[in-house]
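One structure is given below, represented as structure tokens, and several questions about it will come after.
In order of appearance the chains are A, B, C, D and E, and numbering begins at 1 in each one.
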Amino acid sequence: MTLEATNTGSSLYRTDARTKRRNAAEKRFRFYGMATVAFGVLALLLLLGSILGSGLSAFRQTTMDLTVTLDEKVLDKKGARDPADLAKVTTVGYAKLLETALIQEVTEKGLAPAGMKPKDIAGLISKEAPAQLRNKVLAHPDLIGQTITFNVLANGRVDGFFKGRVTMESAALDSNISPEQLTLAQAMRDAGLMSMGFNLGFITAPDASELRPEAAGLGVAVLGSAYMMLIVLVLSLPIGVAASIYLEEFAPKNWITDLIEVNISNLAAVPSIVFGILGLAAFINFAGMPQSSPVVGGLVLTLMTLPRIIIPARAALKSVPPSIKDAALGVGASKMQTVFHHVLPLATPGILTGAIIGLAQALGETAPLLLIGMVAFVRDYPAAPPEGFFDPASAIPVQIYSWTQRADPAFTERASGAIIVLMIFLLVMNSLAVVLRRKFERRW
Amino acid sequence: MSLGILTLIVIALAGIGYVIGRRLALKKAGGDARRLHSLPGYYGQSVFLFTAVPALVVLGLWILVQPALIESRVSAHLTSADIPEGSSLSLVMSDVRRIAGGLDLIAAQGALSEDALTNMRADLSDIRGRLATVGVAVGDTIRPGVFEAAKTYRDMTAAGATAMSVLTLALALAGMAFALTRITAEFRARNVSETFVRWLLIGASLVAILTTVGIVLSLVFETVHFFRLYPLDKFFFSATWNPKFGGGSDLGILPLIWGTLYVSFIALFVAVPVGIFSAIYLAEYAPKKIRATAKPMLELLAGIPTIVYGLFALITVGPLLRDYFAAPLGLGSSSSSVLTAGLVMGIMLIPFVSSLSDDIINAVPQSLRDGSYGLGATQSETVKQVILPAALPGIVGAILLAASRAIGETMIVVLGAGAAAKMSLNPFEAMTTVTVKIVSQLTGDTEFASPETLVAFALGLTLFVFTLCLNVLALYIVRKYREQYE
Amino acid sequence: MNVMTRMENAVQASEIKISAKDVQVYYGASHAIKDVNIEILDKTVTAFIGPSGCGKSTFLRTLNRMNDTIDICRVEGEILLDGENIYDRKVDPVQLRAKVGMVFQKPNPFPKSIYDNVAYGPRIHGLTRSKAELDEIVESSLRKAALWNEVKDRIQEPGTGLSGGQQQRLCIARAVATSPEVLLMDEPCSALDPIATAQVEELIDELRENFSVVIVTHSMQQAARVSQRTAFFHLGNLVEFGDTTQIFTNPHDPRTESYITGRIG
Amino acid sequence: RDQVQSAGSSTVLPYATIVAEAFGENFDFPTPVVESGGSGAGRKKLCEGVGENTIDIANSSSRIKQSDIDLCAQNGVNEIMEVRFGYDGIVFASDIGGADFAFTPSDWYNAIAANVVKDGALVANTAKTWADVNAALPAQDILAFIPGTKHGTREVFDTKVLEAGCEATGALAKFVEAAGGDEKEGAKKCLDLRTDGVSVDIDGDYTETLSRIDANKNAIGVFGLSFYQNNTDKLKVATMDGIVPSTETIASGDYPVSRPLYFYVKKAHIGVIPGLKEYIEFFVSDDMAGPEGPLAAYGLVSDPELAKTQEMVAAETPMGPLN
Amino acid sequence: MNVMTRMENAVQASEIKISAKDVQVYYGASHAIKDVNIEILDKTVTAFIGPSGCGKSTFLRTLNRMNDTIDICRVEGEILLDGENIYDRKVDPVQLRAKVGMVFQKPNPFPKSIYDNVAYGPRIHGLTRSKAELDEIVESSLRKAALWNEVKDRIQEPGTGLSGGQQQRLCIARAVATSPEVLLMDEPCSALDPIATAQVEELIDELRENFSVVIVTHSMQQAARVSQRTAFFHLGNLVEFGDTTQIFTNPHDPRTESYITGRIG
């Protein structure tokens, strides 16, 4: 071989055929990259779009103002304002008050279409309303006897009408609502009796039964999810990182560590419901922890998340160049110091990515919760931690799961709304990790 | 003393030990930290550990052992007359425990004095009703012998608790004293605390092992139970999966395994190329700003609840594939198909591959890139021939994780691929996976002790072993391939 | 040594290969190269000397646009290769770097086998048609870099398992294998023993027959031995540039003189 | 623990939540926790033992099985109360824009069974459209979404539709004949369905079936009556034997496809778990489970013998052995 | 230069600091160091010379057990530091490395600020009581490594953004900051200009007052200038070891002679 330059004399401004080909390949490669990212982002936007499209309306809710006379004869026959007596009046009694109030108001104003049955008019009120009123009265017994303006929820289908989910045509076919009722609702809205506003209850209120989709909220689920994620975060990240440090940096390379390695990869492949089986057996039946409690949920999700954190964490630790470890060891740092001062910070971005994905999965997981009793209808808020960890609670994905199963289509909107809340929850959780990750990212 | 308070006291003692240890070490060195073997903090740590660890370990052991000890003592008090027909000693003992707990509650509420409790007799007072008032359920009326046993049990537990507190605190103090006497300027405090941390790390790795043991244990009994009801060979080698409500089902696992592999394969077929190309683009090509937004965005894909994906598969992708591919090609008219589920699942798995690989690619030293560019390689050549091979182990890890996720997914498969267990090559046919069947068999309405339900455990265990084999294989391949790069 | 005579010829016979005009380089806000104007001749060895941190590597990297890979690095001015501005939009840095090869200051072998390290360039540039030809290029390049004898039995072992000096020679072999028109060598002999150094210097001399070589070195002796032209950098400035003999025997600038006589650093 | 805990059937779940919610509102007790997870799992949990960390009530869409009772006994749960609080109707419905259907069990059998009687002999089923099955039905491709084999609904579908159809078409007789006179074996054969995709098992719930009908407009799905009643604007219900399903026709027994719904109460917990007794009494009260109550409004077919149930609950009568 | 006189004193005054007995090093199957016996004296500079790839770095790394980090590397024989076998089970390699510092052949600064790079050692060894003291150590170390003037304005910028030679000096400063008893330096001046080299050599000389220094170098001149004892390695063997003057003026082994006169490589 002589040292003959293969491309001597060619101009840089003109690309030769081979370079053209290589550049074309380069462009193609780059395009694939861009296309795949675009594909991913598009898919995300599409999914988000569909979620937002069907879920945003859950954050608004139709309510109506009713002028109710809190008749003492109905609410407190003895007139002694004895709480025990007051409590004897059930929601049925309150419902009657509200219905009368509405019917009176509507007929007075002449809003109701001719020949509409009082029962149908009353049907515009949510079944939740009597409970709201009852709670208010029980809290302020002095209201009895007065006439107050009370803001109550409208029936879910009326709400759906204003959100475009229910139409006159569908109402004609619907056994739960009639076009007349919708006409009346429209008239009430025009008269300013009904209005649509921000639905705080959706985020703070507990779940409601199938009969009152308009009242269903995420309060208990958000608390439950927050408690569980707290447990998962506090346990799985340190344990996962510790395990990966041991396996990657300290463990002797022998069959035992191979076994642990294979075992961890395998745990990542175990379907989440199996972790539910484990949780039921280990935490509830063996350790006697309470059913439906965030603590059990958190522990189960921790076990499930661990391998999903360990695997990326190990890869990240492995990718730290040995020269940096040498440098630290060379100035007399112990292995432990080397790892904690140099290797770990450099591996942090990868570890955080693993954590982001692992926790995102844990946050959205339903199947294991099915077996430990968290897929449940829970209306009472769990107490503040630590006791709250042992109270029954629900979780956001559980709420989504159960709402998607319900018959009333109004719950579909709620489920999508809940997904939005879940995504916001996730965004909040992730953003911290993303910021941290960017801080630690560097090339060497 | 309650357990929580005891633990807190021990930790507080250890904290004090830390401060004293640190100070003492500095004093021993005449105030000059340079004359110490280790940094002063390590001396504090060693005292902390000697104070807290033995005490807490003994505390833990005590909690584990005490009930067993007391129970064996108490059960000696029970005569055969106390054990009703058809019941067992363990059942009676659980009653004993419950009653004792109830008595504690009664005492705690101050409803009855200790003396009154001691004098209470099962045949004279309505203990069941009393207990019920404090929320303790007792299955049956209480026999006198059982009640006496419960009282003994309660006394012994109380005595044990006192002994435990004393012992724990004594140990903590002794540990602290011992650790403090050991402090000299030459004492290798760093080694001590690092050894401890090392054990902590080992402990953390053992959690994974324990989880596995737990999973196997929680599956194996019901699996054995299942195989008593259903022949082993039919389960493993039959190609029909056809459970029936009333029994007489065919429960062959083969079509499920096939479906699992097929769906996962398609999902990876989507996720791996897309993920790797995205990772390469983000790490190597994308401007900083794009990377900073696109990466977290892709990660959101992993956080969208799978039900959303499932509905997307069912409502959008399925009919699309059916109307534009399957039907014109004459490959079927099912709107749910392996392909639908695989495609949609692939989208969900993108971030597993892309984000994790992106970090690994980013960690490849810049000097390697420079070396390649300096030779006149294009960026893509550099990526393909230098960076990807160097990042390979991490990328394989990411792919394995994605594959694991694919195997474990339920919702997308249920809605996207349907519930029919079939063995077919046609990607436009409905199929189902092992995981889906585990969920559905476990949560249905049939009786629990029937093979139709118990098969879930057998499926779980089989899948566990199956993926274990796959993982061993993967490890073997990665090792073999990696050798040339290290 | 007949360095002097060779030099004379060379300088006269050569045309301008690279010419830099008013080049400024910034790392973020810091101004690393200031107003450098230089002409590098074809078929000539040019040595860059100067105290550590004066900007030699930085300037060398501008010549084949390797500084593109450093985010915060910014280049101003013009650098012409064969009369064409390499910072022109139309120029493809890949093609440029195929013409202008580089050996880096820190040896950076790929985590591949020794063979693949050397074969990498020829493969991507499609310089060979058969495995045999490639084998030949690999062997001759390793021979040129004086590494062949040491590694011929372990050619399939990873290049990262070599000693420091061996890695450096591997990187030289890797750069030589693609036969660039200009070869930029950043302290190519820093980790080499005298014999290996001599062999590399011989290689440089051989390369000069057809190509242009730029070498950064801290050894005045080496600069005097192998180069025909020498550039002296100081604090980012090109202080003096001229025939090697002149620089070493009769420097115009007092700073040059202080440096080569060992007074400023 | 101060609230009632129940678990079990997802069919019973909506009713249980309605009651739990109302109970929480009107009583001084906390709202009971209602888990879903399937009847089988619910009964298993009920039978896990007595005590705070076991549930009080198992909701079930089918009757408890002997194996469950055995498990209960093994774990010291000796007395269980069986409460039947109403009936669940099962309806056949298709997309609202599609054709009308009037089915008989025989039509269903002939449409989706693997083997049918044709010209007096058993042959593999090849019917493509409903018109092939019964000329009176529309000539629409057969595509049926039926509950998965783990659903309680499937049991009802199997017995009330398939087996009835099997018998009516004469296939049962042929099967028994082929099985050498073994009635049981023959009846089992009735439940073999076609595997060519005309009948699709749905492992999920009715919302899934509804979505699938959305994606396949020519399909017929199986739903619970309550689900249908909430979606009358999207679904068109088919008649069975000429009867339109409704709470009335089911209560009267005219509409054949229905099943009883139960919950099982652990007696040992009554008087211990606060509110348990009150909750179950409230559940079966006329205010709740009666024909005018909210459960009926939601689609529960109330039990004509509800009074008996109320009596039984008040007296805390445990269930006897299964017959 | 008064090297000769200084040397004489030194060698006589010193005690044995490290003594290696029958040391063998293997990389997997390949035998990289064969039967090396050597005694390194206290308060002395020992130079290791030899052709590239002969095992100098490898042997150097055995002296503070840095080879522990290479999986396939295996050491046999005994190495005594102050009479104690450093490969003994009881020996804590961390303590060993605090005593026996190292500057690596390839500069490897931490991806941290220049200050943190230097302060790292003093911090983990608790060498200072206050920030002021630490600042002082950092400054004096950087001064010793002849880097202070160049970096004093950018002390908080990353060490990886330095030039090759600056990185090398940073690594020297980092090693010096912990005041090790023995300092192993693998080609510490390879990337340095003559002035910086002279400053580092001065530092080495200064260190010798109290400590023992082992330096690997390819420059005979440097070996002659700074060391009192020289070891010549060839193909894994310690060919000759003795007083520097003797090795350079009157080598016993023909291989040594060929090498220092530039005939074998």
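Just so we're on the same page, a contact is a pair of C-beta atoms (placed from the backbone, for glycine too) under 8 Å apart; a residue touches a chain by one contact, two chains touch by 3 or more.
Quick caveat, the model's predicted, so the values are computed rather than measured.
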Given the contact rule stated at the top, which pair of chains has the most C-beta pairs in contact? A-B
Which chain maximises the distance between its CA centroid and that of chain C? D
Chain ID, smallest distance between chain and overall C-alpha centroids: B
State, to the nearest whole Å, the distance from the C-alpha centre of chain D to the C-alpha centre of chain E. 83
Chain centre separation (chain A, chain B; CA means) in Å: 21
Whole-Å gap between the CA centroids of chain C and chain E: 29
Residues of chain A whose C-beta touches two or more other chains: 22-23, 26, 334, 346, 370-371, 404, 444
Within chain C, the set of residues that touch 2 or more other chains is 94-96, 98-99, 106, 124-125, 180
Sites on chain D at which at least two other chains make contact: 1, 37, 41, 52, 204
Spell out all pairs of chains that touch, sorted by label. A-B, A-C, A-D, A-E, B-C, B-D, B-E, C-E
Using the touch definition up top, name the residues of chain E that touch chain B in the complex. 92, 94-95, 124-129
In the complex, go through chain B and note every residue touching chain C. 365-378, 381, 385-386, 389-390, 484-486
Give every residue of chain E touching chain A within the complex, in rising order. 64, 66, 69, 71, 93-95, 97-99, 101-104, 106, 108-111, 120-121, 124-125, 158, 160, 171, 174-175, 177-178, 180
Report the residues of chain C in contact with chain E in the complex, numbered from low to high. 27, 30, 49-53, 55, 57-58, 105-107, 146, 150, 154, 161-166, 169, 186-187, 190-199, 218, 220, 259, 262-265
Flag every residue of chain B that touches chain D in the complex, lowest number first. 86-87, 91, 94, 98, 129, 131-132, 135-140, 242-246, 248-249, 311, 314-315, 318-319, 332-336, 414-415, 418-420, 422, 429-430, 436, 440-450, 452-453
